[in-house]
Amino acid sequence: KTVIKASSWHPPKHPGVVGGYEPFMDYVKKASNGDIDFKFWSGGALLGAKDTLPGVENGVADIGVLALTYFPAEFPYFQLISDMAMLSSNPPAVAGAVAELVALDCEPCRKDFLDKGLVFTSGYSTTPYTLISKEPINGPDDLKGKKFRSAGTLWDRWTSYVGGTSVNVSAAEMFEALDRGGVDVAVFSPSALQSYSLWDVAKYDVMLPLGTYAAMSLFTMNQAFWQDLTDEQRRILLDGSAVGAMGTTFAYMNSDKSAEAKAKEHGVSLVEPSEALLQQRSEFVEADLKKVAEIAKTRYHIDDAPKWIAKYRELLKKWEGIVKETGGDQAKLVEAMQKEIYAKIDPSTYGM
Amino acid sequence: MDGISLGLASLVVVIVLLALRIPVGVALGGVAFGGIWLFAGPRAAWGTLSQVPYEFTAHWTLSSIPMFLLMGYVAYYSRITEALFRTAQLWLGRLPGGLGIASVSGAAGFAAVTGSSMAAAAAMGRIAVPEMMRLGYNPGFSAGIVAAAGTIGSMIPPSIIMIVYGVFAEVSIGQLFIAGVIPGILTAIFYSIVIATRVTITPSIAPRLAQTPPMSVRMRSLLEIWPFMLLVIGVFGGLFSGIFTPTEAGAVGAFLSCIIALLKRALTWSVIKQATVETIRGTASIFFIAIGAALLTRFLAMTGLPDFLSQHIASMHVSPLVLMIGIAALYLFLGMFLDPLGCMLLTLPIVLPILENQGANLVWFGILLVKFLEVGLITPPVGLNVFVIKEILGNKVPLSKIFGGVTWFIASDIVLIAILVWWPQIALFLPQYVK
Amino acid sequence: MYSLIRRIERWMIFVGGACLVAMMLHVSIDVISKYVFNHPVPLTMEMVSYYYMTAVAFLPLAALERKGASLVHVELVYGKMSRRLRTVVLPMALLASAAYCACAGYAAWKPAVRAMRTGTYAGSDIIVSIWPTRFLPVVGFALLALVLLAKAVNVVRHGIESEGEEDLLESVREEGMT
């Protein structure tokens, strides 16, 4: 009997646990007929967000969650992926496209993991970031001079494009900062209204879709542990990764819905973005995409960035199609991931 | 050996090592390193020891600890605080333990500025303890007062622990903040009662003024505290108007105290040097211990001991009251050894579902939890607030005396916990009306 | 050898102190600049977390064990031991501490070298290399290990009184009697 040590720094009610690890573990236990069992730590009890990387490497845990923008030098390709976040507002499509890009196509992406003794199986996608604000934002003029809680490099570029200021505020202090005016706008998905209690301090959530965060490795495997498994066990973990990836993504969508449903009673108005805001956003995406390849070359040392950008856009289109075909059904999308990605992987060679 | 026995045995070893004069940080970290080695092998042991010290230290929110320490040292060496305590003595000197009560009130004030209890203790330590001792207070008594009073830091908002709990339990952070105000003030009142009682029983630990000084003398003394008032107004004003965050408040406070010292013409090279050197030594010393505590937390997480204990309590089919006593006992026990955040992360995934099943109010439990964790900051053998004060005072007061000094406050905290359990309304009253 | 350690230690204190002052100024100027010019000072959070905090916490470690000063420890039991027992316990405690610090310093070396090879950095618009800070725990723990070792040797050679903790022990004993 194999007992897997799994560690997530997400809080116990986070989509990554409720929709990700828990269904993943259930699936694996069931598919292996109880041959595989888990010891699971959530909330960073075993490994925090930053030391999950060395922790999984050293076998403190066998499986762990990595937010790859925390490690820009270690995972350059995922910085490129993160820089393309505004290309889609379709979370399941993004989750599928990123997983397929990395697991099937982008050999150098996988190499960044293998070099460290790690194996990538799947990520997930958050829901689109929006503008959680104290003041109404009706048009581009309302963005000028505002202080935005920084959500990452891409959003910092957007902030300076719209004439705002990025302020670095830790997640722990976001509530305080928004409450007292240290920041005017938090760039986050609507679920943060509930999970970070932002609806106690914000008045508006402007649904300008600013892209999803998908630079994740949800089930990062320790390579030595991975190699010790049988082919069948690896197959089960791969298929389980699809369950967790879509599960987390849908849990994000559900927590958005639940936050949006309760927003009004907390005094937060959900505002549809004006045409002018959407127009400005498209102009930014177009202008920024030219910069992204340049940044990839100079900062991330990725010479063939245009190739990966094109490949990713192609996969996005494919997965947006799949989402449409399946009618956005979670179970069908899990099957699609298993069929389109993991069935094409040979468990006796992948990550070995 | 299975994880549970190994975890329990390691706690015994910690106590034995402490008795053998092994430094606290070494005892905690060393036992953790050895324990991980035994439990998970050398690779995991070396891996953990190679990461935890750095990752623990390289942390933005923790920067408020050195910054508030620096503020305290600059204020002390440039004598910004001396007049304050002279004035407090003139006004409150007739009260039993008047200065001690003044220190508790000061700590409650700092609690409204800092998000962390250790930062609150760091700020008050240098300001209050030497001044109390200078006016004849017993060293262990005065050090104990400030170590305990620092724990108000996480109860009165802002509070990092409440934010983490709020995100964990999906409870409104705003409600938690409001709910903490009355229990925080109650803690300060309880501590003041403890001080007055102790001084009434043993008058020698805190000399009282023989007679009330004339009004004119007292009024004149008020004029001398302007430098301190300037500091307070600057830090409070800036924080509440959103100019800076609680973490930034430490740096701004230190900067302001330098400016005020400059205005007082008291910012000499020797003040700067002494304040700086003592601050970084204090910081290194506190982090050395906190790193050990973080390592021990990791080790105990691996062994599954906290899970085991929590699950045991969960599986007891008892009344909600007995359950709450069990949970309190769990936290008081784990709090003896673990740092507050680690203690919370290890237990909440199991404790929360139990409480939810029972339909307990999670805002109320959040307040209780903060109280449990805060008591852990002053209980032996690992009481981080006690270590902060010890470091600030150096060789002047032995650790055992400070632990002795906080005993009474721990007792009063337990009484307050009982009251909060019995009358949840104390915590839930304000959140109901303030929205 | 011993005086060389002490000289290095003074430098560590100097650099640590400079980083402390830099932390205060960097954050304060950032606060002012955000408020007055609506423009933050770049890299404040990164410099504070990675550079200033690690410098302030790790570089002064060796200075915690000077003559007459020591890492926070519990005196109660030790103070009540017989003198003979203390002559055994003290050097053992110092050696155990030296061993722990040596392990911590050694353990930090490998990730430091790796971070250097990878060239780890932080920041967004403007970035800063953070791998150099990975060497700070190596330096801090190693120096502290050396100082503890030197102290242990000193105690064995010249007796436990050479550490000058007697004042404190007196007060512990008095406490025990009353």
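The letters A, B and C name the chains in turn, as written, and every chain counts its residues from 1.
Note that in this section a residue touches a chain if its C-beta (ideal position, glycine included) is under 8 Å from a C-beta of that chain, and two chains touch if they have at least 3 such contacts.
Small disclaimer: the values here were computed from a predicted structure and weren't measured.
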- Item | Result of counting contacting C-beta pairs for B-C and A-C, higher pair | B-C
- Task: Using mean Cα positions as chain centres, tell me which chain lies farthest from chain C.
- Result: A
- Chain closest to the assembly centre - both centres taken as Cα means: B
- Note on the structure: Per the C-alpha means, the centres of chain A and chain B lie apart by a whole-Å value of 36
- Note on the structure: CA centroids of chain A and chain C: separation to the nearest Å works out as 38
- Message: Counting only Cα atoms for the centres, state how far chain B is from chain C in Å.
- Response: 22
- Residue numbers in chain B touching two or more further chains are 46, 50-51, 60, 243-244
- chain C touches at least 2 other chains through residues 45, 111
- Item | Junction residues of chain A - those touching two or more other chains | 54, 170, 182
- Note: in the complex, chain A contacts chain C through residues 54, 71-74, 145, 147, 150, 152-153, 156-157, 160, 165-168, 170, 182, 299
- Item | chain A residues within the chain B interface of the complex | 11-13, 39, 41-46, 48, 50-51, 54-55, 57-60, 169-173, 175-177, 179-182, 194-197, 200-201
- What does chain B use to touch chain A in their complex? 40-41, 43-44, 46-48, 50-52, 55, 60-61, 115, 158, 160, 163-164, 166-175, 239-247, 298, 301-302, 304, 342, 345-346, 348-349, 352
- Query: Given the complex with chain A, which residues does chain C contribute to the contact?
  - Reply: 34, 38-40, 44-45, 111, 118-122, 124-125, 127
- chain B partner contacts - residues on chain C that touch it in the complex: 13, 16-17, 20-21, 23-28, 30-31, 35, 45, 48-50, 52-54, 56-61, 63-64, 68-79, 89-90, 92-93, 96-97, 100-101, 103-104, 107-108, 110-111, 133-134, 137, 140-141, 165, 167-168, 171-172, 175
